[in-house]
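Two complexes are shown next, each including chain A; its partner changes from chain B in the first to chain C in the second.
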Partner chain A sequence: MSTDLNLVPTGGPLTKNSSWRERFGGLGGNARQYGIFAALVVIILLFQGMTGGRLLYPDNVAALINQNAYVMVLAIGMVMVIIAGHIDLSVGSVVATIGGVTAISIHDWGLSWWLAVLLALVLGAVVGAWQGFWIAYVGIPAFIVTLAGMLIFRGLALAIVSQSIPVLDPTFNGIMANSLPNFLGRLGDADILTLVIGALLILTTIWAQMRSRSALRDHNLAVEAVGVFVAKIVLAALGIGVVTWLLSRSTGGTPIALAICAVLIVAYTFIMGRTVFGRHIYAIGGNRQAARLSGVSTRSVDFWIFVNIGVLAGLTGVIVTSRLGTALAAAGNGFELDAIAACFIGGAAVTGGIGRISGAIVGALIMGVLNQGLSIMGVDPSWTQVIKGLVLLLAVAYDLVSKRRAGTQ
Partner chain B sequence: MGVAQGPLLTMHGISKRFGAVEALTDVDLEVHAHEVVALIGDNAAGKSTLAKIVAGALTPDSGLIEINGEAVTIPTPAAAYNLGIATVFQDFALCENLDVTANLFLGREMHGALRRSDEEMERITREVLDRLASRIPSARTPLGSLSAGQRQSVAIARTLIGSPRIVVLDEPTASLSVGQTAEVLTHIERLREMGLGIILISHNMTDVRAVSDRIEVLRLGRNNGSFVTQHASYEEIIAAITGAPRADALRHPTGATLSAVS
Partner chain C sequence: MSDGPVILEMKSITKEFPGVRALDDVTMTVRRGEIHAICGENGAGKSTLMKVLSGVHPHGTYEGTILLDGQDVHFANIRASEHAGIAIIHQELALIPELSVTENLFIGGNEVATRGVIDWVEARRRAIELLARVGLEIDPDTAIKNLGVGQQQLVEIAKALAKDVKLLILDEPTSALNEDDADNLLDILRSLRSKGLTSILISHKLNEIAAIADAITIIRDGKTVETLSVADGTVTEDRMIRGMVGRTLESRFPHHTPHIGEPFFEVRDWVVEHPQIPGRLVAKHSSFYVRQGEIVGFAGLMGAGRTELARSIFGRSYGTWLGGEILIDGQPVSIPSVPAAIAHGIAYVPEDRKTLGLNLLDSIKDTIVSAGIARICRRGVIDLEAEDAAAERYRTAMRIKAASIDVGVSTLSGGNQQKVVLSKWMFTEPRLAILDEPTRGIDVGAKYEIYGLINELADQGKGVIMISSELPELLGVCDRIYTVFEGQITGEADARTATQESLMRQMTDTATANPTTTVTR
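Take a look at the complex of A and B:
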């Protein structure tokens, strides 16, 4: 017996004698995750049929991504906040304030586009630090602090923007209007750059999956059954492939907004799944007191997740201002609700401790596809709201019922 | 090894109040290497409060703490871990949404430059669980789906991570089966053989008498007797716990005095 970390291996190769439960344990945890992906595919196919194939016109796919980039970016920050057991009601107002300052910095102060973007991100961090301070170090519930923030920053947005400020910088507006340059030319009607990016993504996915599988093997740990593993990779490759094929035939190719979202998704999936910080976010959401007693510095984790969502709200300010070519005092109205809904549709638990970046993104896409599909079908926007509300309710109800059936609270 | 002769942990004049409640008043405690000190006392005597102070979960209002003769402060649980103190809390502090491995290494995750070393942590977890002969199916089981006894095993397994010098166990056998309890007592003896200092808090006099070298009694937040386990009679200990004069307890070794220990 030794208390060192250098314990001598005792068991034999565990892959051989691991139990059924052990082999498929990971699968059970992911079942909800696969369900939400399946739901997205079903909804896409449904609307593809109902719109007579127009939903997946290449340019409509590009537009779908551009129109929903804001929800995806905010949902990434929001799902981290929700997993930690908090909520952020202020992001919509913060988007308006920072969008306003960004527009002023270009329009009145003559800042170059990239300085304006940098300023937006730094301001976002400052706003996040302000709210994080009250939440983490003073101990005021996030609900209250961000409710106050919702009022404060909407007021500030009205004060500095009054109604609207135009942005005339073509590069800044191009962030959302443009696609990655098609410098590789086109193959038939397909943008080659988009095809190359898609192929690289597929290869990276396969490589990453194989690597983590062989790491488990090296440590004599149980791995998924080969069939499940291969099916997972094939489905992922198929998904990326279809989107790549569609986008490559759109007018612009790969929207810059998609590139931004993709980088964020990969980076934050890594942070939440593979880093100590990510583990601590799940821990404080699961049992804050236990995490504290175990040596997690819960206050600094709380602080940094709010700084993080502040930065992402700053980025969203850029996205929205760039898309409209103008800053509006009313910008970002209701964004917090879109982001929160995306998280819960994507399987985050209201009580904290459970949720995923991929889930939140799929949740955002489900709402985006609903929006787009219904609007192509000419459904009145007021009914779109009703339908989105019902989807949120049903998604969470399904979650609760299936959990109860599985026997866990 | 001159230093090793002195106590590993010295607590002197520790006081702690919660509002009007004086949980601890001027309490002294010493733990040597190779020693199991049982800390016993009636409910609300202040045992857990003292354990939490050692664990860095509470800071004392006054008093001195020394480790190997050096004065230290233990402001946070992380500081306690760095000083080589491992604790099993009474309401074992675990996260139900995380798996066994994640709980074992919570707050002390192994990692590289960016990435956690999950595979390495899971491998060690399996070994630790094997050593404790715990009935836990897999290192990847979420805590939420374990029984109370299994969770307690996980809490105890946490003391095997890192290289602690002092282990504090607050009622570690409370919800364990006979077999598991024996396993934990053996574990405590192994820790002692390895030269650790152990504080064992328990209401179970059989366990206390089985493994401890010394018994320290707390009563209403004060020291109320110190016994060498081998030489202490049951009646003496009961009297110290309840505060009854020793002669009385000797004259009435059963009945009212005994029920106070429960």
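Take a look at the complex of A and C:
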């Protein structure tokens, strides 16, 4: 998860002036980003201690990923919406509706599992296009449109699902229950496939970092100090290594959910950092008028980010239905708030223009670890809510205070 | 009338902002019961002076003394100056559109309230009385949004009268009005004067000033030039213009020998309507052309419609297009959107860098490539190395002073920000560059550099349109100058023979048939 493939644009320009940053100049615009990674590590270690080492039992790590896949997928879509200066309150309801239709398509219409998944994604796109139309082309604020969507799609979910619809297709249910097949066998108690994937990830990270460094050199541009560069790579490799080692010793190896999330993270990091579409999202969030006068079709960008989050909500519908083996009318309740919280913990700005895919993912993981750790410790779920709320508040407060300090220097 | 007792004396007012002396030893005397006009070029310091008077710039932030009715006054804020009987009516009206006239007149509430409870019957009674004083025959329950701009302006005046105003300041009160409404407003001011109200009028419209003012204070570059008393004899518009511009052209501009080619860009009969006010035209059948290698100036006072014209040409990004055509190389082209404008080789550097030109969250690098990003892309994927190389090239060529191309644009000085915005548009390789106030808020040294860059653009064979409110700058940089007044192109002049006086005359009055209006009172 902590792979920085260097696809990410330079962010955090508001921390530009801090002397802290000057001292660690090699960190580029990533200071805020490193902060959130550090916070995740601290929280993991804290709970590892408080749960007597149970948090990082291999099977608990796999479960953590499976249980939080939905937040990660939604947070990816949500952070793009938030960067563009909007919000989406409807995703939880959309997850329930699409999960319901997916279950019906398998249970009643006898669709095969992959057709059902495809249907879910297409429906997600249609829902996104519906909301995107009102937002982008009619000009109704996203808050209103998606608040309406929240009601509309929750209502539809209740209407079509009533209470629950079972899904008996083992392949469909296996999307969340199973892991990647360990066809390479096991080395001692470690799944070899997981080890291979981990090793490949580490090598790719090193290669990508070296390549970008030499490209900068070729253009006679400043590169970070060797020490910082090596430390960065070692830390990234260590992070991947630990997760790989833990997962390889879990019952199944690499969960399919993790593979799905990893592919999405890499793909969307690329989209946000390396494509015109990604640049345009940052541009309209940073200054909509200036973006328009620079030739950005602000309406079309608005439209497509909502189509995008619709598709991801469709995928989440599949994930949730598969994990439970049944579609519930009440599914996805409060998911929108989990996703939004993940984005803000991960450093996205309420005013738009600032945020990262990696930040949103780390935000989602922080909430996931809190959930998991507190539940292992046997803390009452109501108190878990209180603690999550406080973490969100403190994360954003920390962000604001550090920005203000940077601004006054 | 202008020999009444002195009501206001502003003595030796000096106001400094970081790096700028906005007012330098300004002195002004206003007598009771007169209409006192203040005139001067954009940026001469008129608004700053009024902000000092009304407490926007509180006592202690300026030097000098203000005597109101002979009393030394120290206003800490606007409330304090209102309490002393000074009311200011800004160009942008401060009425709440959804509320009724009565509610707006007594928005503060205190005039008609006992212990915090508003007596609406009394409020309504007084509203009717106040409306009659400003000659408005409307139902006081009408919502402000249903009134015309002229009527709203009068409601603003009534609101000031509700506070027992002694001294009424009007900042460009007629700039948004049509002629009938403007005449009506001037009549109301005259009738209020006959009832003893003193007003200070800031206006760009010299014919209005000549028609109504009893005394005129002229300010230039933050200094009082002179105070003309209309009663003394004759004050002509020419006389005022001479006072307003009377500065000499220094060698503030790099030497440039133009190489002017053929006309390649032409606009014919261009008509644009204001985006919010139906029926109000911001471009009235404007026609002009630009030649290759030519720097064309657009002169006009603030609000004349230069920016609106430029932005409507730039992909119709302002107002509603009602007619007219654009020809490039003699061929009519359709430019309905900003991407189309960029594709046709038009660039627009906006007048307001921070709100329209820059995303302040971006780095130099991201900004420079933002308008021409397709140039460093393959199938929608950005080539980051090409991006770095392009940004680095412009940083060197435009002499942008920054540690690296990764520095955030928000940390740069005004001059360097402007160079980044210019780079952003040069990166699109335009044929026509429209520069809207390219040197606003930039220090003198950086201005010189920007002029040099503009000359370089022209030498590359590009056409340049430069909009500026500083006449010396237009005369020093441009080859040809159009003057704009109230959305209309009122003249065209060769920059070698034009003078500030001749331009000023054309940009202040459409009725150029009678440029020497003489006022005797």
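Things to note:
Convention: the second predicted complex is superposed on the first by the 380 of 409 C-alpha atoms of A that agree within 3 Å, B and C clash if a C-alpha of one lies under 4 Å from a C-alpha of the other, contacts with A are read in each partner's own complex, and residues count from 1 in each chain.
Simple rule for what comes next: contacts are C-beta pairs under 8 Å (C-beta built on N, C-alpha and C of every residue); 3 or more make two chains touch, one makes a residue touch a chain.
Keep in mind that this is a model prediction, so the values were computed, not measured.
By the document's definition of touching, both partners, chain B and chain C, reach A:353. After superposition on the shared chain, chain A has more residues touched by B, the comparison being chain B against chain C.
When the two complexes are overlaid on their common chain A, residue A:275 makes contact with chain B and with chain C alike.
In the superposed pair of complexes, A:290 makes contact with chain B and with chain C alike. In the superposition on chain A, contact of A:324 is made with neither chain B nor chain C. Residues common to the contacts of chain A with chain B and with chain C across the two structures: 9-10, 14, 29, 215-216, 218-219, 221-222, 274-276, 279, 282-283, 286-287, 289-297, 353-354. Within the complex formed with chain A, the chain C residues making contact are 314-315, 317, 337-339, 341-342, 348, 350, 355-363, 365-366, 370-371, 373-374, 377, 380-382, 384-385, 388-389, 392, 404-408, 410-411, 424.
Chain A makes touch with chain B in their complex at residues 1-5, 7-11, 14, 18-19, 21-22, 25-26, 29, 215-216, 218-222, 270, 274-276, 279-280, 282-283, 285-287, 289-297, 353-354, 408-409. Chain B contributes residues 55, 57, 76-78, 80-81, 87, 89, 93-98, 102, 106-111, 114-116, 118-120, 122-124, 126-128, 130-131, 137-138, 140-142, 144-145, 158-164, 190-191, 194, 196 to its touches with chain A in the complex.
Remark: chain A residues 9-10, 13-14, 16-17, 28-29, 212, 215-216, 218-219, 221-222, 274-277, 279, 282-283, 286-287, 289-297, 353-354 touch chain C in the complex.
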